[in-house]
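As written, the chain order gives the labels A, B, C, D and E, with residue 1 at the start of each chain.
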Amino acid sequence: MNERALRIGLPILVLALVVLAWDGTVRAFAIPPYVLPGPGLVLATLIADGDLLWQSLLVTLTITFEGFLLAAVGGIVLAIAFNQWRPVEYSLYPYAVILQVTPIVAVAPLLLIYLPQPLAVLACAWIVAFFPVLANTTLGLNSVDHNLIALFELYNASRWQVLWNLKLPSALPQMLAGLRIAGGLSLIGAVVAEIAAGSAGAGSGLAYRIAESGYRLNIPRMFAALLLLSLAGVAIFFALSALSHLALRRWHESAIRRES
Amino acid sequence: MTPSSQTIVSLRNVVKTFASGTVALDRFNLDVRAGEFVSLLGPSGCGKSTALRIVAGLSAASAGTVEWPGAGKIGFVFQDPTLMPWADVAANVRLPLKLSHTDEAQSRAAVTRALERVGLTEFAQAFPRELSGGMRMRASIARALVTEPELLLMDEPFAALDEITRFRLNNDLLGVWQELRRTVIFVTHSVFESVFLSQRIMVMTPRPGRVFAEIPIGAPYPRDERFRTSADYAGFCRQVAEALGQAMAGAAA
Amino acid sequence: AQGQALDKVRFGTNWVAEAEHGGFYQALADGTYAKYGLDVSIVPGGPNVNNRILLPVGKLDFFMSANTLQSFDAVEHNIPTVAVAASFQKDPQVFVAHPDVAKFEDLKTRTLFVSKEGMTTYFQWLKADYGFDEAKVKPYTFNAQPFLADKNSAMQGYVTSEPFAIETQARFKPKVFLLADYGFDAYSTLIETRRDLVARRPDLVQRFVDASAIGWYHYLYGDSRPGNALIKKQNPEMTDALLAYSIARMKDHGIVDSGDAVKLGIGAMSDAHMKSFFDKMVRAGVVKPGTDYKRAYTLQFVNKGVGVELRPK
Amino acid sequence: MNERALRIGLPILVLALVVLAWDGTVRAFAIPPYVLPGPGLVLATLIADGDLLWQSLLVTLTITFEGFLLAAVGGIVLAIAFNQWRPVEYSLYPYAVILQVTPIVAVAPLLLIYLPQPLAVLACAWIVAFFPVLANTTLGLNSVDHNLIALFELYNASRWQVLWNLKLPSALPQMLAGLRIAGGLSLIGAVVAEIAAGSAGAGSGLAYRIAESGYRLNIPRMFAALLLLSLAGVAIFFALSALSHLALRRWHESAIRRES
Amino acid sequence: MTPSSQTIVSLRNVVKTFASGTVALDRFNLDVRAGEFVSLLGPSGCGKSTALRIVAGLSAASAGTVEWPGAGKIGFVFQDPTLMPWADVAANVRLPLKLSHTDEAQSRAAVTRALERVGLTEFAQAFPRELSGGMRMRASIARALVTEPELLLMDEPFAALDEITRFRLNNDLLGVWQELRRTVIFVTHSVFESVFLSQRIMVMTPRPGRVFAEIPIGAPYPRDERFRTSADYAGFCRQVAEALGQAMAGAAA
């Protein structure tokens, strides 16, 4: 109970302190709003421009969600393929790494040549987010207790059964950690994809709002958009954490509340 | 049980050297025929588990030949419980049935029976981490028994159990073996247990493990509490203990 | 062309919709393009968007390139594109400085916020002709905050845009130096197209160039509301005040309609102007001396005085 | 031995196939170099522009390396702090998430205001790469065998001893997986940092070269620069994998070669 | 060993209920005085390990009081070996010394002695995964002995060992206990072992665990192989086995 109070109260307390410090600094040094707007102004802007920002948030979240799904599925499927067929791993892992280190902003124009625009956006979002899922799931799949593997072998389990009944459950904690990282990255991915390959203009997401507000020196709105983005990121993260907790709380060391 | 029955597994001059350089087995020989109950008896670290893994085909011999002329369904009890931490006891025990696509009703009955046998009925829904050490081992035994395998390989299954539970399970095991005509290879470090259970005891030398002596236990089955208190039993025990002592002394010399 | 099916044409710009693209939006909004038998869709650019590469691969039919240099690059890399008209006679590129900067040369002592594109173009010329120093440059990411925070800095911008943001948000009137006034005589906002289109559909290219020029006349001198409405639809961030400001600056500085354009019509280009700029770029080491810069453009579609009658006397 | 041959031969084989297919496509469809330059042309450009690109690579790698070090140290230290003091975790984790989801391009101007330029670049690179280290190390630190923790408690081990002798070694596999993800991300981070806050012109890195080449339509050089970047990424990844293998090969399931 | 010596630990009416609802201990009482050798004997799952963890302070009682009027250095042998997989055997055994900042030379000598005691000298550089089950357990025992702790808590330490190794370690343990006047609480499921070792045996009922009987073993120390074959020994064993049988039957009833 106390624990839970801490868990909720502390972040709020820190939030309050941060906001106060922010407000204090802005007032004390009379920082003009175009350099650093105070929290009140940001909030006011958030409310005033609520509709516009909300629309943009929805656009960004849609891409985020699609990118995350693709990254999750893609990362897990790839990790499974790598784990099942070593030759595939040896042949393709370097290319997965190449995808990870490719700067999207640089290749987005190329993607736009080869793919229709909405697909190019998705591809960008996917590229940014899939690698942690792949790397972590691979670690998980390779860390299965070898005695359990022996057991499955003894019972003539098919590859599929080993995968489904043994390797995947066993890799779950690492996989979920990978997804937790990918959650935030898909948001980044959506933003970057939008900047690099998205259509600017009316139907645009938060990234466009941020860039445009920055360009127009509408800094309070830029902060409001950044704030929304951060909130979305935190929400995604905690949703994934909650999912992870649900899946692991009955058996995995990292999630069990120990009896004192 | 007749000497003419089919050979299930045969190890000839098997050597096992690990990457670390440890020689676990050195010219190890073992023949097991269908229907037999054979024990491997030896001191800690002599290579019993290694030999059992080779018999099961889980580990390859570094030299020598291993053959399985008549292998069928295998059940294995590892020295560690080796349960899936994410599944409850019932699911762990059900695993072999699930892997062989046994139908739902049949497997539910089998699981219930196996859990009853090891006294874990109440804990069917518990997770491995919520069990005591002995209970985990019992779950593992239940899992090996649930398919009623033709060849049952058990690696010190009862070491973590109290004598009363252990005696009950000893009797149970003999019951299953006799009733269903199964083959059992049983690893133990207990002279008493090996004598009570087996038709034949392979006494092993300390590392590197070899068969030091092969001692037939000629007492008739069914064996029960009376056998445990008989002079015959005491005599066999003395004989086996002596052989074991010699095996160990030989190594020390 | 009326009555027939319109020719579908895709035109890519280099930034989000703004007054600097006004002529094109105007032509689209007031039906000029349609009158010329064109069904134009405008594909806006933006920060970090490189629409240009979509032109040679055929995903766009026309592209608005920022300045002449890009057309030289196309020649150098054998890219089959060509500039067919220059909407801006002067590059609107400026340096925006704090009010204490007295003259252009003083900028050399300031921290300068310059974009990547700027680095590869006008800044090279500034180095060669004015002795500017790269070490003083910080990246400009189309956000004026760093400039505002550093009183000892200047930043790049468009004469039509950045000064306005600063005037309204930071509430002071910055010093503005139009590079064109100091010798950076690039054309800007050129219309580029593929060579094969020029060869196969000269009529189409001509219609697009003409209609765009007429759009510009309407936008600058007529009722700009349809164009502005379309711009605001594409870019909801755009404000009337900024649009008005931009149009006013374009007129003040003769960005669109000055020099050759006065006689020859909006979009005018001349060999002399091109050569002058090419020589500067060679001197700055930005383009190779041997480049056949004349291949970068064609005068086939311009200098015909189309629409000059629309300019108020 | 055979395994090793596969491990090296297969990627090379796949590489050869990819290059051949690439070359074949370019030739067969007569794709012009500004759409997709053939491998020969890219290689030729790489050699011709070798000096320039090499200089840029060094610049990028320096930032990458510094960013990686910061991310590694920062991520691990933060994970340790979170693990040691729950209140710190509850208070700060949301902010770590916010850092992860903040689009660098948007905050770079702010960083440029508050920090000197080289520091701003580093901060950007760091922000991009630190989160996976943090998330994975946290998972590792929380997954320690509770019986071992009990053992350390019994021997009155200090917090520091528990951390140093138990939690960190136990978290090593996950930590290393996090570092492996961060390796590629620091490269991305260096690129993004350079785009957002780096110096342009003579002393600039690969990101600038890529953007410049794209802008100037020098597509073969752009591909050459991308190629260099990919090679750097793959090299970093395999270096980190080798490190991980060395650290784990004697004890961790994921790295042990099982006796057959 | 005199009844007047100081109480080391005292459990009064201790109840332990786990989150899963399992009641592991119910009004469990235990007093151990300095210098005593006490065994907890009971069937699998009766709460022995739970009780030992509470004694060590590793687990909190759900109700009742636990006091440590005279606690000192503790040594603990878990039911599972609980070795650090990333450290070799020597490093695992050295751990307690390292944690108490014992100096290098002294700790090297102590580790060598402890490894000799459990017969793992040759495997000092091996990693836990390269050991057999019994060897792992021996490493764990060596680690508990290496600090010569004042209170030694052992949870079925010898269950995985063969009788010969086990007897040797039994004797060793008694030697250490007597020589250094240590206190030992020993969990076992073996009647024979508990009688051979202890001054006092607490026989526990099946879950929920309570003390069913407290049986003093009045035989003098040192106890050796002669004691193991004496009629006294057999008598005590019978008495304890009976108590255990009653404890279990009572629960079944």
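Going forward, a residue touches a chain if its C-beta (ideal position, glycine included) is under 8 Å from a C-beta of that chain, and two chains touch if they have at least 3 such contacts.
Fair warning: this is a prediction, and the values are worked out from it, not measured in the lab.
A.B. asks: What chains touch chain C and also chain D?
C.D. replies: A
A.B. asks: More contacting C-beta pairs: A-C or D-E?
C.D. replies: Answer to which pair has more contacts is A-C.
A.B. asks: Return the distance between the CA-based centres of chain A and chain D, expressed in whole Å.
C.D. replies: Measuring from centre to centre gives 17 Å for this pair.
A.B. asks: Just give me the whole-number Å value for how far the CA centre of chain B lies from that of chain C.
C.D. replies: 85
A.B. asks: On a C-alpha centroid basis, what's the spacing between chain A and chain C, in Å?
C.D. replies: Computed value for the inter-centroid distance: 38 Å.
A.B. asks: Measure off the straight-line distance from the CA centroid of chain A to the CA centroid of chain B, and report it in whole Å.
C.D. replies: Here chain A and chain B have centroids separated by 50 Å.
A.B. asks: Going by the touch rule set out above, which residues of chain A reach two or more other chains?
C.D. replies: 35, 105, 109, 113, 145, 195, 211, 214, 252, 256
A.B. asks: Residues of chain B that contact two or more other chains, please.
C.D. replies: 18, 80
A.B. asks: Where in chain C do residues touch two or more other chains at once?
C.D. replies: Each of 47-48, 50, 53, 57, 141, 143, 145, 149 in chain C touches at least two other chains.
A.B. asks: Under the touch definition given earlier, write down the residues of chain A that touch chain C in their complex.
C.D. replies: The contact residues of chain A facing chain C are 32-35, 52, 105, 108-110, 112-113, 195-197, 199-202, 208-209, 211-219.
A.B. asks: Taking the complex as given, what residues does chain C use to touch chain A?
C.D. replies: Going through chain C, the ones touching chain A are 16-17, 43-50, 53-54, 57, 59, 141-145, 148-149, 165-166, 168-170, 233-237, 242.
A.B. asks: Name, in rising order, each residue of chain C that touches chain D in their complex.
C.D. replies: Result: residues 47-48, 50, 52-53, 56-57, 70, 73-74, 76-80, 114, 116-117, 119-120, 123, 134, 137-139, 141, 143, 145-146, 149-150 of chain C touch chain D.
A.B. asks: Please output the residues of chain D touching chain E within their complex, sorted ascending.
C.D. replies: 145, 147-148, 150-157, 161, 165-166, 169-170, 172, 250-252, 256
A.B. asks: Using the touch definition up top, name the residues of chain E that touch chain B in the complex.
C.D. replies: Residues of chain E touching chain B: 18, 20, 22, 42-45, 48-50, 79-80, 126, 130-135, 138, 155-156, 159-165, 189-191, 241, 244-245, 248.
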